[in-house]
Amino acid sequence: MTVHSGRHFLQIPGPTNVPDRVLRAMDMPTMDHRGPEFAEIGHAVLAAMQRVFRTKQPVIIYPSSGTGAWEAAIVNTLAPGDKVLMAETGQFAVLWHGIAEKFKLDVDFLPGDWRHGADLEQIEARLSADRHHKIKAVMIVHNETSTACVTHPLEVRNILDRVKHPALLMVDTISGLGSLEYEHDAWGIDVSVAGSQKGLMLPPGLGFNAVSEKALAVARANPAMRSYWDWQEVIAINKAGTWPYTPATNLLFGLKEAVAMLEEEGLENVFTRHKRHSAATRAAVKAWGLETQCQEQGAHSPALTAVVMPEGHDADNFRKVVLENFDMSLGTGLNKIKGKVFRIGHIGHFNDLMLMGTLAGVEMGLDLAKVPHRSGGVAAAMEVLKRRDVVSMAKSKAAVA
Amino acid sequence: MTVHSGRHFLQIPGPTNVPDRVLRAMDMPTMDHRGPEFAEIGHAVLAAMQRVFRTKQPVIIYPSSGTGAWEAAIVNTLAPGDKVLMAETGQFAVLWHGIAEKFKLDVDFLPGDWRHGADLEQIEARLSADRHHKIKAVMIVHNETSTACVTHPLEVRNILDRVKHPALLMVDTISGLGSLEYEHDAWGIDVSVAGSQKGLMLPPGLGFNAVSEKALAVARANPAMRSYWDWQEVIAINKAGTWPYTPATNLLFGLKEAVAMLEEEGLENVFTRHKRHSAATRAAVKAWGLETQCQEQGAHSPALTAVVMPEGHDADNFRKVVLENFDMSLGTGLNKIKGKVFRIGHIGHFNDLMLMGTLAGVEMGLDLAKVPHRSGGVAAAMEVLKRRDVVSMAKSKAAVA
Amino acid sequence: MTVHSGRHFLQIPGPTNVPDRVLRAMDMPTMDHRGPEFAEIGHAVLAAMQRVFRTKQPVIIYPSSGTGAWEAAIVNTLAPGDKVLMAETGQFAVLWHGIAEKFKLDVDFLPGDWRHGADLEQIEARLSADRHHKIKAVMIVHNETSTACVTHPLEVRNILDRVKHPALLMVDTISGLGSLEYEHDAWGIDVSVAGSQKGLMLPPGLGFNAVSEKALAVARANPAMRSYWDWQEVIAINKAGTWPYTPATNLLFGLKEAVAMLEEEGLENVFTRHKRHSAATRAAVKAWGLETQCQEQGAHSPALTAVVMPEGHDADNFRKVVLENFDMSLGTGLNKIKGKVFRIGHIGHFNDLMLMGTLAGVEMGLDLAKVPHRSGGVAAAMEVLKRRDVVSMAKSKAAVA
Amino acid sequence: MTVHSGRHFLQIPGPTNVPDRVLRAMDMPTMDHRGPEFAEIGHAVLAAMQRVFRTKQPVIIYPSSGTGAWEAAIVNTLAPGDKVLMAETGQFAVLWHGIAEKFKLDVDFLPGDWRHGADLEQIEARLSADRHHKIKAVMIVHNETSTACVTHPLEVRNILDRVKHPALLMVDTISGLGSLEYEHDAWGIDVSVAGSQKGLMLPPGLGFNAVSEKALAVARANPAMRSYWDWQEVIAINKAGTWPYTPATNLLFGLKEAVAMLEEEGLENVFTRHKRHSAATRAAVKAWGLETQCQEQGAHSPALTAVVMPEGHDADNFRKVVLENFDMSLGTGLNKIKGKVFRIGHIGHFNDLMLMGTLAGVEMGLDLAKVPHRSGGVAAAMEVLKRRDVVSMAKSKAAVA
């Protein structure tokens, strides 16, 4: 058994730190999922998720991981042989691409160096060239959790509009939703994919799809086999505040509370907070003389920072030193950047002093693991956090209706 | 908001009453699903589920509802056009049949009257007639939650052996596992399907498949498209105590505690307890002059009892009277027995006095709803519960390693 | 370790069943007891307790058992040698009397048979005879938890007024508050004594005094030594929403939630509910052919029922049989009625079906312990509970501000 | 309502951060305080507290604040007019002195400057001069929480032995127990006073006395009035694992878990951890160019650090800036050092990164509040924490019986 003196620092980019209020809301007796008391909760969480996705359209909530919600996006709208356009922004794009291949889509996977967002010029080029509209969907990862690079969905929407391409725009915002701005309707997203264990501050176990009218129409006409992930039946039965199967009641109790917390803080304030923490973290990385994995100015993720290890030093050894000495979990490098990158999550239920503890753990860990670096990262982060223009109130008062 | 004075009586046949110990185990900070502390838990729950299923083979745990685990059983082992044999024991057989059809299986669905277990003679007849072994799987519901009738999987196994048929034996034991005897290996089951929210005493959100070597071999050869539900990758990565996606960490914390509780009580004692409560409930039903939906001697479910309303009286109106007057949720009649049947769950974390409260609520509710019946059901149940031969200790002492 | 299958039935008359909402409210990080966030809670619970006691005067909340609040009542208002009038209504009167003697009060302890409330005629006689007003306080137990007999404080107030006696009226309502009507101001009570673990539905650990202006004036002039229990300093510092020492923060979190629950249900409804359950329990006792300990018509406690065992049968043996067979705790007989009486608590967070489980456990236990009785108690209780005029809604809708 | 984004930093020197495991242990149904299941817990916590106090003698556990345990020490062993020797080490010595005066003791209160431990020379001088042994007790504060200065009880014991004085040695270790070494028996302490909300990692609500045989004998002969605090009856009834009143059951559930955690970590490791954090904090204070309130080398508290504000700057204004900007509670200066000192708690359930977050909050707060200081405190603390000789494992493996 692991003995923790004080709280573990869970600074992977998900699952994130779950607020006590959310854990306590889940720690309640389960209930009749077909009774009137549950129906109130069902309606409440469906409406809450519409507000978080910024959509008037249905949101489908699955008892699943985020990978399930990826699959749901595919099997509802696409059939084997359908052509789609994806961009290799990093490991999560690779994984979604893998699912697409399992369902026998014909994927045009735009290569990337894992240090930038999606290559918008290439996307525009491919879509422009697709005169016959063979491409049925463009599938983009909003906040690429393996590289900490953001691709802005609105820019992809603008391309589609510009070249007048009817492809569906499908966006994985698993680690984006609740951490950075997201506008399902205003940005013209057709299918959004999200999960519970990131900016939504819940334990893992729920996957989400937000859908457009157009996506729903495509789905209705789609002959591909599906059952669990099928949107239609869920949407129909959701009208009664319930689900066609036994939903994950206690995670839904938590979801209700989590969205309440986000709204008490104010989503805009939540996004600002994430940006401050990202800026402070990058200031630390720069002071250490290290590089961020993301090399695209303006595309740095507010939710996490991926840091490149100096040549000849293993990121996972460093992470082990940090875990053993400071009881902090950092994110590993994934796939082709394994051992080369570690990731600092600053997403979800988080604040300035948690970040400072986090960065101090990284700085001390670099030293203990004998990774070449300059000191001063922690000090640089403090400079950012205490700047008047970026100091947001750590606490705010909120009225509850 | 609903105000509860005292505890709600959740007497639907699932989700069942979750023990405080389990809720509290879930009410813990989530953790790095790729770290060493989680790996210990991962290994522990996988081993625990093998003990509960009574198998040495892998158990696959999904973040899903039970319907997901149904789908998983199908998509791993069967391909469109495959012929399978199912038996219409009730609504859950109907629903599983519906999924089979969505995946374009060729289902031979043996009709049933919803008042008996599966028709074993018909199963034997069909299998015997299937000289060319076109039937790839026999799919049976162990504890049919809509009718409270049990089909014993071992009898189906015996038929398969007797007629030397190689079809896979797939068993839905969603509401059976943890409530009544189940032997995945000893009974020669190829795929078992279960869920968290019944005898396992957890909130909903986890689905399970236990598999045989034969089923695994079939799956490896199966060309059907699948990703989320695919067994191979999960089993491979489970060897490290983790999952190919972010697992539902906190439900897994609860699962560990729930199996610990079942094992402290002793699974045999758990099964005996369910049988006592079932016997007491049927004694009450008989005393009221009502009929159980299940009409097959020896097939009455230990986990729940379905009761037929007298002609002209609506079961859902009765359930509403009980809910409003006594804050107790009873199970509704499903599909073609809607309004005609109500169901009393006596499954999971339950004891004699909770049962007596339940039956008193039913008896008083029958009166308030003006349903014709004799009084004396509660008294009859007490006669059963206090009989020396069936009195098990309500409490027992257990040593914890 | 004790293994519980299902919930333990905690039917002692305190500690009572704590609602999940209250336990969860306590299960929160403690906080700076001198900070602004705590001050809001401090003000809220002080105001809440005024509403529960029905007083505009200060309520003092101690981290203590109820015995501490007894002592507080004494040491604030009385000095060694002071004469007081008490009535031996049962064991709790005896215990309070014992504390009074330890503080060297001159106690006139009116004898009683432990089967009635206080002897009001004797009280009136003593007060009338006390021309020189030597008696400084009349100290009464409102709901005598050892006998289940109530003494109505208003009747004592009326006597004091009738004979124009200036003695303080001090009332122990430890097991009364939150279970039966109580009006600190309207009934002219000078010092009320209460505890957290009864009708207030909290775990044990808080004691309460409500005080009148007159009691405060007496206290200011009282030379008796005291520190922890001294009202003055607490009241002064309470004005800032905090306490002169570190208060029991988490029990106060629970108190806030518990009063919220009582007020959502409505205190009047709470009292009605307790009376129904008391009536149903007495109907059961009568049907069993047993006697209640309380023999005074109109004085039966709504909060608990004390039952006399037939001659030659040991109540504690019976309680042991019930505990071992049905995992239910019943209250023991105290002091001179030990072994002769057992007590059924129906106080706090409780409802009809919990009561029916409780009474079924008693009825089956009587049988298993071979205690002579008639069957039919459970049936008789159901007759009471299902009577239209006494059926209150088990659930109600409440608006939350 | 206060909205917290991320966890509040509760860095007052008590109440301290309560571990989730402890909160969850308290979040369990209360139980019959006279039943066998509770008796096991009662025996367990009494034995656990003997291990923590390092005594074979009884430990008395009160539902009370620490001030109650102070009073208990006095009223059990001393009577009005008794002479005692106390030392004004800071505000908590002043408060205990105040209680002693309320109970009319004749206190010789050795003056102090609040920047050192007790004046041992003066103590020796007074005891030597007391030829007739009028002094009945020497009363010392072990870890003076207002100044962060420690007085070592063993040195006082050595004085008593050296001058062969029979006075009782009474020690307040409210904020010492569980944070720094304490040996009730080996150090010859007669009465130890402690509370739950400091090193014991519980919410407030429990007070403790550990007693020597000699103290018990004195108490038996002591005529002073007392009831709630009386040791004898509690000790007698504790033999059955219960208490003479309803004990604070749920806080006791938490106490059992808290001591289990301390023992899993190992008390020696716990003490070492506190010393590391104290050393790191003092390094930060020195680097900031500020002074610690405690000026006695070797007497710095491992549990907290009190920091003197530069002349002309208000400590409470600084604390307010920190609370509002960084959601961290720091301890206020008490009594005569109000506004001049702030206190940093590093006591209880705590670790390196929580400390770094804390110190970063102080450093940034000094800047925002425009308090003159040098930067570099955070960096200096990291130097201490990462030194190989002081790096203890943040995590350790422990076997549980």
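Residue numbering begins at 1 within each chain, and the chains themselves are lettered A, B, C and D in the order written.
Throughout what follows, a contact is a pair of C-beta atoms (placed from the backbone, for glycine too) under 8 Å apart; a residue touches a chain by one contact, two chains touch by 3 or more.
Here the structure is a predicted model, which is why all the values come from computation and not from measurement.
Residues touching across the chain B-chain D interface largely coincide between the two copies, over half of the numbers being common to both. Set against the Cα centre of chain A, the chain with the most distant centre is C. Computed from the mean C-alpha positions, the centre of chain B lies at a distance of 53 Å from the centre of chain D. Here the CA centre of chain C is 35 Å from the CA centre of chain D.
The multi-chain contact residues of chain D, meaning those touching 2 or more other chains, are 2, 7, 17, 24, 27-29, 323.
Of all residues in chain C, only 20, 24, 27-29 touch chain A in the complex they form. Considering their complex, residues 2, 7-8, 10, 12, 14-18, 23-24, 26-37, 63-68, 71, 80, 98-99, 102-104, 195, 197, 203-205, 225-228, 230, 244-251, 323, 329, 332 of chain C touch chain D. Chain contact summary for the complex, chain D toward chain A: residues 1-7, 9, 17, 19, 27, 261, 264-265, 270, 273, 323-328, 349-358, 360-361, 363-364, 367-368, 375-376, 378-379, 382, 385-386, 391, 393-400.
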